[in-house]
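Let me begin by handing over the structure; questions about it come next.
Read from first to last, the chains carry the letters A, B, C and D; within each, the first residue is number 1.
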Amino acid sequence: MRYLPLTEADRAAMLARIGAPTVDALFVDVPESARLSGPVEGLPGHAGELAVERHMTRLATRNTSAGSVPFFLGAGAYRHHIPATVDHLIQRGEFLTAYTPYQPEIAQGTLQMLFEFQTQVARLLGCDVANASMYDGSTACWEAVAMAARITKRKKAILASGLHPHYVSTVQTMARFTGDTLVYAPPALTAEPDSEALIGQIDGETSCVVVQYPDILGRIGDLSALADAAHAAGALLVAVVTEPVALGAIRSPGAMGADIVVGEGQSLGVGLQFGGPYLGLFATRDKYVRQMPGRLAGETQDAAGRRGFVLTLSTREQHIRREKATSNICTNSGLCALAFSIHMTLLGEKGLRALAAENHRLACLAADRLAQVPGVRVINTAFFNEFAIAIDGDARSVVRALASKDVLAGVSLGRLYPDRPELAAGLLVAVTETVSEEDIEALAKGLEEALV
Amino acid sequence: MRYLPLTEADRAAMLARIGAPTVDALFVDVPESARLSGPVEGLPGHAGELAVERHMTRLATRNTSAGSVPFFLGAGAYRHHIPATVDHLIQRGEFLTAYTPYQPEIAQGTLQMLFEFQTQVARLLGCDVANASMYDGSTACWEAVAMAARITKRKKAILASGLHPHYVSTVQTMARFTGDTLVYAPPALTAEPDSEALIGQIDGETSCVVVQYPDILGRIGDLSALADAAHAAGALLVAVVTEPVALGAIRSPGAMGADIVVGEGQSLGVGLQFGGPYLGLFATRDKYVRQMPGRLAGETQDAAGRRGFVLTLSTREQHIRREKATSNICTNSGLCALAFSIHMTLLGEKGLRALAAENHRLACLAADRLAQVPGVRVINTAFFNEFAIAIDGDARSVVRALASKDVLAGVSLGRLYPDRPELAAGLLVAVTETVSEEDIEALAKGLEEALV
Amino acid sequence: LEEPLLFELGTRETCGVDLPVPSGAASARLGGLERDGGIGLPGLSEPETVRHYTRLSRQNYAIDLGIFPLGSCTMKHNPRLNEKVARLPGFADLHPLQPEATIQGALGVIAELGEWLLRLTNMAGVAMSPKAGAHGELCGILCIRAALEARGDAREVILVPDSAHGTNPATAAFANYRVESIPGTVDGRVDVAAFKARLGPDVAAVMITNPNTCGLFERDMKEISDAVHAAGAFVYCDGANFNAIVGKVRPGDLGIDAMHINLHKTFSTPHGGGGPGSGPVVLSEALAPFAPLPFVVQTADGYRLVEEEGAADQGGAQAFGRMSAFHGQMGMFTRALAYILSHGADGLRQVAEDAVLAANYVLRSLDDVLDAPFGAYGPCMHEALFSDKGFGEGLSTIDVAKALIDEGFHPMTMYFPLVVHGAMLVEPTECESKATLDQFIIALRGIAERALAGDAQLAQAPLYAPRRRLDETLAARKPRLVFQD
Amino acid sequence: LEEPLLFELGTRETCGVDLPVPSGAASARLGGLERDGGIGLPGLSEPETVRHYTRLSRQNYAIDLGIFPLGSCTMKHNPRLNEKVARLPGFADLHPLQPEATIQGALGVIAELGEWLLRLTNMAGVAMSPKAGAHGELCGILCIRAALEARGDAREVILVPDSAHGTNPATAAFANYRVESIPGTVDGRVDVAAFKARLGPDVAAVMITNPNTCGLFERDMKEISDAVHAAGAFVYCDGANFNAIVGKVRPGDLGIDAMHINLHKTFSTPHGGGGPGSGPVVLSEALAPFAPLPFVVQTADGYRLVEEEGAADQGGAQAFGRMSAFHGQMGMFTRALAYILSHGADGLRQVAEDAVLAANYVLRSLDDVLDAPFGAYGPCMHEALFSDKGFGEGLSTIDVAKALIDEGFHPMTMYFPLVVHGAMLVEPTECESKATLDQFIIALRGIAERALAGDAQLAQAPLYAPRRRLDETLAARKPRLVFQD
């Protein structure tokens, strides 16, 4: 057993010191009837690296990896090129195999990194402060709704139709048990988001309006009016960003008046990972910081007067507050936050803007090309790197048909809204810098063939 | 340019301090006629990671990687499973991006590792001391012949017929210029190595006898008689080990009387790498240490009396001795030595023995199975993990035919000895722990089809 | 050398990637929302980036550097094989919404890992999507709530022992339950009588950690479970300490209804400085139908991913909803599965045995100098609990912890569990050699003796760390959470 | 914490891999040579192994941690992209003797890299197989010898300037030439007149380093080359310092006949604590036909690997033989090619410019406190040369070097080139930011001032490194080269 250092001689010597006849004697508190006399039956025994690697590789090759085909999926998870440096650095044992920095004197690496991450996230989202990360965008969204309820002491949240349906579903799960009321309807295949309808729904019971930017159909709308309306009613505006790269090209939600901005940070540094682990971004105004969930790194001094960093404001957290905590969250997505922060550092402002511009350029190219395909209608007038098209037919079947020809064409709205036949023609197409012009052509050709 | 930190503003400030008007002015010593006015013509400009990675990946996919098919090549390079830990550790920046440990106070990591490596190699090969590594097995062999000439002050070396023909060719290159005489003939397809013939060739002019163990045909012979004969004539016995894993199963050359043992260490930690970088092992007796080429790490003390390690006996080396150095060698294969040492540490004696036993078990299995193929004759009676077969036909064509069916069947003697038609039927088959029983079956079936 | 902040090193002009220069002429379709003004994000060239983070990393302690004996955190060796397989493009480079035909291997990983978890726990169902232990707790509690609602049984109270992790009451409260705390017994276990006495028609569940946070096995678990079930309630088990019993005891045999499993504890996925975690929840027959979406089922045509609520044909009829956007922590599943396959059923059992052996070795090597509150009541499980009883004037657990730093070790968990004054909880895990344990014991013994003798120097520790003690009060009083230019 | 030796940590029973247990019953076919007795190789479990080497690594300085200004060693940033592509199974997991049809991409890498080297140097041929710089030198000298022999011209002498690297005379001697050293001029260059005077029918070649080891460009290179060629000899150029001129000057334009290129210097392949290196040699028209086996040629059917001596149809008729068993340092080729493609022709030119700019910046920032022997004669190239002239009693270059360690920097090259007393050779490379250069300059300035003032404390440095000064005399007098139990 290559991971277990104790030899039989060690074990015997240790038992002697303990004064126990056998290891089994140490399990005396387990009732005899519950103690297994040998390995769990029906399961294989230990295996060498070679065998394990072969098994896992066999499973891996039964998947079509995104990089091996023309690839246009987005809908909350985006494929970007991650510099090799990122993965190298996050694999350093000192980052990878450290725990939560409870002993700050020997965890400044993690703590300073989190402080830098918080600053990067706050600036990107246009907020005063950010936390040290959450599980992912959807759970950050859930936490934002709960936080708005705590701040406003109201229980009704209005969810924009453009909010990712899985995020809606996640918030609904929370609401089902906390008793919050949610107002929500799925989107229509129109070019404009439904800001005006949302404004009409705000009332004195409203804790917050939750709006995604760019939204699930890739649409981009100015949030300022929505923010004003929410604030006028004593409600908060929660903005959700599932594609942070977009903020290299378009204005930040914070700058448009959002009170809480949450997001999915997977685009930078983390990769697709079949959906997890991802990286929840969470930022807000200074005045709400004590209602914010999750870990926070803060600056302080050591006994010698040197700058240092610690986990702080833990009086909000469960290990101190127990049932009165702002959240039950106990883990952040530390290593993903590190990856995000390194990627963002490599990009810097200049690189982020260039990356965003390249995404948008290719997306415009793709939209123009697809618009020429008979039976395809591009829905969006404004978008960043993802847009919706409507096709003559059922998009879900078309996606499957193209997948069988090794083109991963996008995310069908039929998959996201299975009970909404009126959206079945919709297909979301995401175009990042990893897409080549040949890939766009392959998609166009594939759609042409499928829509004949 | 992502690797270049200077900004335009930095460059201007630096030029100002220097007092030069332009960077070009710093190249004033280059004659105008030789100074290029712009980038070298006809070559592409800089490229992002994504583009470079795509290009390199495209080239990589035009190769058939050994792990993707049944694979039986050996002949001086063996495919073993390398634990993931090895590659992780050698990629730590502190090992990967350090230089030769000229400043030992801040290079103890490399120096201690080399000291440990030297000890492991000496013990494995059965010698008193080993150096900190050479380029590869073939150049180590060349250096051993040169060292034997220095020690004995004689110029005639006898190379056993079982020495790898590329090693022979490398030594011949050296001899062509240094004036050493080499006695060598290619091997015959027999079960026994040619020890007795070699003994007959030893005379008072002989500096050394060079014998490979196991030899190029995978044969294993006792070296003791050869050692005695060489010593009786005042010559040295140089043993060459191209498969160090074998020494987990069979006696070490040092124990049988070899004076210098060199080897190719690629089997442990390094991998196939298309032939390089590899790892030259070099070990000898204590009394010859000052005639040994290459770097050496040695134990000493620091000013505070603590144990520490330094590069030592550099009075043998070129940077001190210039034209009187033992060798012109200035580089070792440090990172490969680290990989070897880590792999050996993970194995330990117990693991090395188990690994060797598993190789031998599978090789026996393969030999027995191939012996059943009509038209195949197994040459060896004794072997470790590689043996020679003779087939009815030209082995080189058969190898190519099987490669086109995605079976990499082994190394044909026709490839190694192109001018020796009498060896054209020979095929070397290596079987390591990475070979499965299905792979063996695939090879046997492939040969059955090819030999119909 | 001190490492400056990124914001002190970088400039807005520097960039560590090469990207096409944006052509300003492009007719953008951004709805008139082009970002103007600076974002304030400095960049570094690639060499500077490597150096910044390499240097930062060296200010961290890590399991790769030494023993990390944080009680209840289970810091064990993180095999690099697992990192390697998790990075296979066939796993790492998959989009969560790819068509099923293109992700059969990935669904296979989820199914295979789930099967192992079920067999190791002898439970009926497993929810794979929770993203960490606390998320798993919430998932379990929501299953319980769903099951109760399904039978029209509105209950309001969850009972939690006072030794529980803070996440337990926090979770229960987040799910809108009223939390009642039940005190423990003198030997560090839950008070069975108190529990039984409190059970009634308003109690939805009890949440028990077993082995518990004092490092002890709850002997009466089955008796409690039976009583809870008899009262119409459910038993939630916090599986944070599953490492002590994996392969030795199956929670399903003890009457547990739901238990989360921290893959980053028992199954070695790296902690990464605080996450990501992964917290699959195993469920009893009674709760399994309420498991959240999405989940994987095996059909004749291969694996299917059930994502739709009310997909009755696939067993999703009663699913309580979605815990998060996608299918869970795939990157952790591949690592955990590789770890499990490496150990096998025999190796996992050995893990538990060695972990318990090591903890008892620490306990019995130090209980003559350190107070062991429950030491007299028999062996511990995977962690050894001590207290600061008898320390000299002004010295407490924190001083011992910080002094361990100066000896080159990461401290144990401090002041937890709360039920023991000045608690020190040492969890060595199965991954430490006897030599390392002996070094640690010698160091801790020396410090303990100094603490008992009242050596005031201890209050100055650490002296040899990258930082002396940090002022946490200052940090909380005047929070500086982001860099200000 | 001190890290013990592996032999103090491990046992012969411990093993960090899982392999089938050997069945003693197997009928071995080992010719009766079964190994008996102990080998003396201790093993460690995997967690112990990770820790041993992680801890060891932290005693090293590295380019990832800070500037590494070793003159003539060119320690530049090692991009991780290169590590990634070198590990693609399509490169790393190829056997050197696979059939040609299965290695077309690998041969393509060799051909493509070779093409870049030829274009960047304006030369006619390239030998890819030499395994390091010194191996490349030998290859070049052997080509020269082969060319001379081919025309029946036995010459015996090689001229080497006294400032040359030790490898130059060592190589010439190994190839059985007599070495004659030619002194330099007051401005740090070779003495053209002395060279010309010595040329004659016994001179086979001159070996010149350009830019030379004083960090200066040999202005009269072309004149020397012409004279050498007129005398029937060849010009070998040591390309160790190619980084200073890559993309700015092509050696072929200066009359060079052979030059090795250290891929681990100019083209960023990692130094790995002393290797592996890689030293392809570019060759003039006159020498190209004698390049060693094997080499790659492009045919209509794809790439071919020419391995056979006398393969006249493939241009191998005059090859002088084989330098080593296989085709060269493939793992370095993939890295170097990725680096070259990343920079492109424009970026490589910028590399040279920034490297020279940085060296001159260091030179002019310190020449008021440190003696710069050739500072008065104009700019330097890629490295700044200082000496210990004027230091206080008993202080020398080594004391400055060790004091730099205490400031957190790796020292410069000490006592090389030999032509300058107490030489200090600083090569910052193009990879350092101005901020880092400024920090380094401030530190070195402070130390230089102390050295001039005769601060005896300097002789104690380093104080803050993992070790104080180590006793090299002891090590050499009583060599302990292996661990003795």
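Here is the rule we use: a contact is a pair of C-beta atoms (placed from the backbone, for glycine too) under 8 Å apart; a residue touches a chain by one contact, two chains touch by 3 or more.
Only a predicted model underlies this, so the values are computations on that prediction, with no experimental measurement involved.
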Those chains that touch chain D and also touch chain A are B, C
Comparing B-D with B-C, the busier interface by C-beta pairs is B-D
Go ahead and note the Å separation of the Cα centroids belonging to chain C and chain D. 48
If you average the CA atoms of chain B and of chain C, how far apart do the two points sit, in angstrom? 46
Distance between the CA centroids of chain B and chain D (whole Å) is 20
Listing for chain B: what residues touch at least two other chains? 1-5, 7, 46-49, 53, 83-85, 87-88, 91-93, 346, 433
In chain D, what residues contact two or more other chains? 11, 13-20, 44-48, 50, 54, 58, 64-65, 77, 79-81, 83-84, 342, 431-433
How about chain B: which of its residues touch chain A in the complex? 2, 48-50, 53, 81, 83-84, 88, 91-93, 346, 433-434
The chain C residues in contact with chain B across the complex are 11, 13-20, 44-48, 50, 54, 79-81, 83-84
List the residues on chain C that touch chain D in their complex, please. 1, 9, 18, 45-48, 50-51, 54-55, 58, 64-66, 77, 79-80, 342, 408, 431-433, 435
Residues of chain A defined as touching chain D within the complex: 1-5, 7, 9, 46-49, 83-85, 87-88, 93
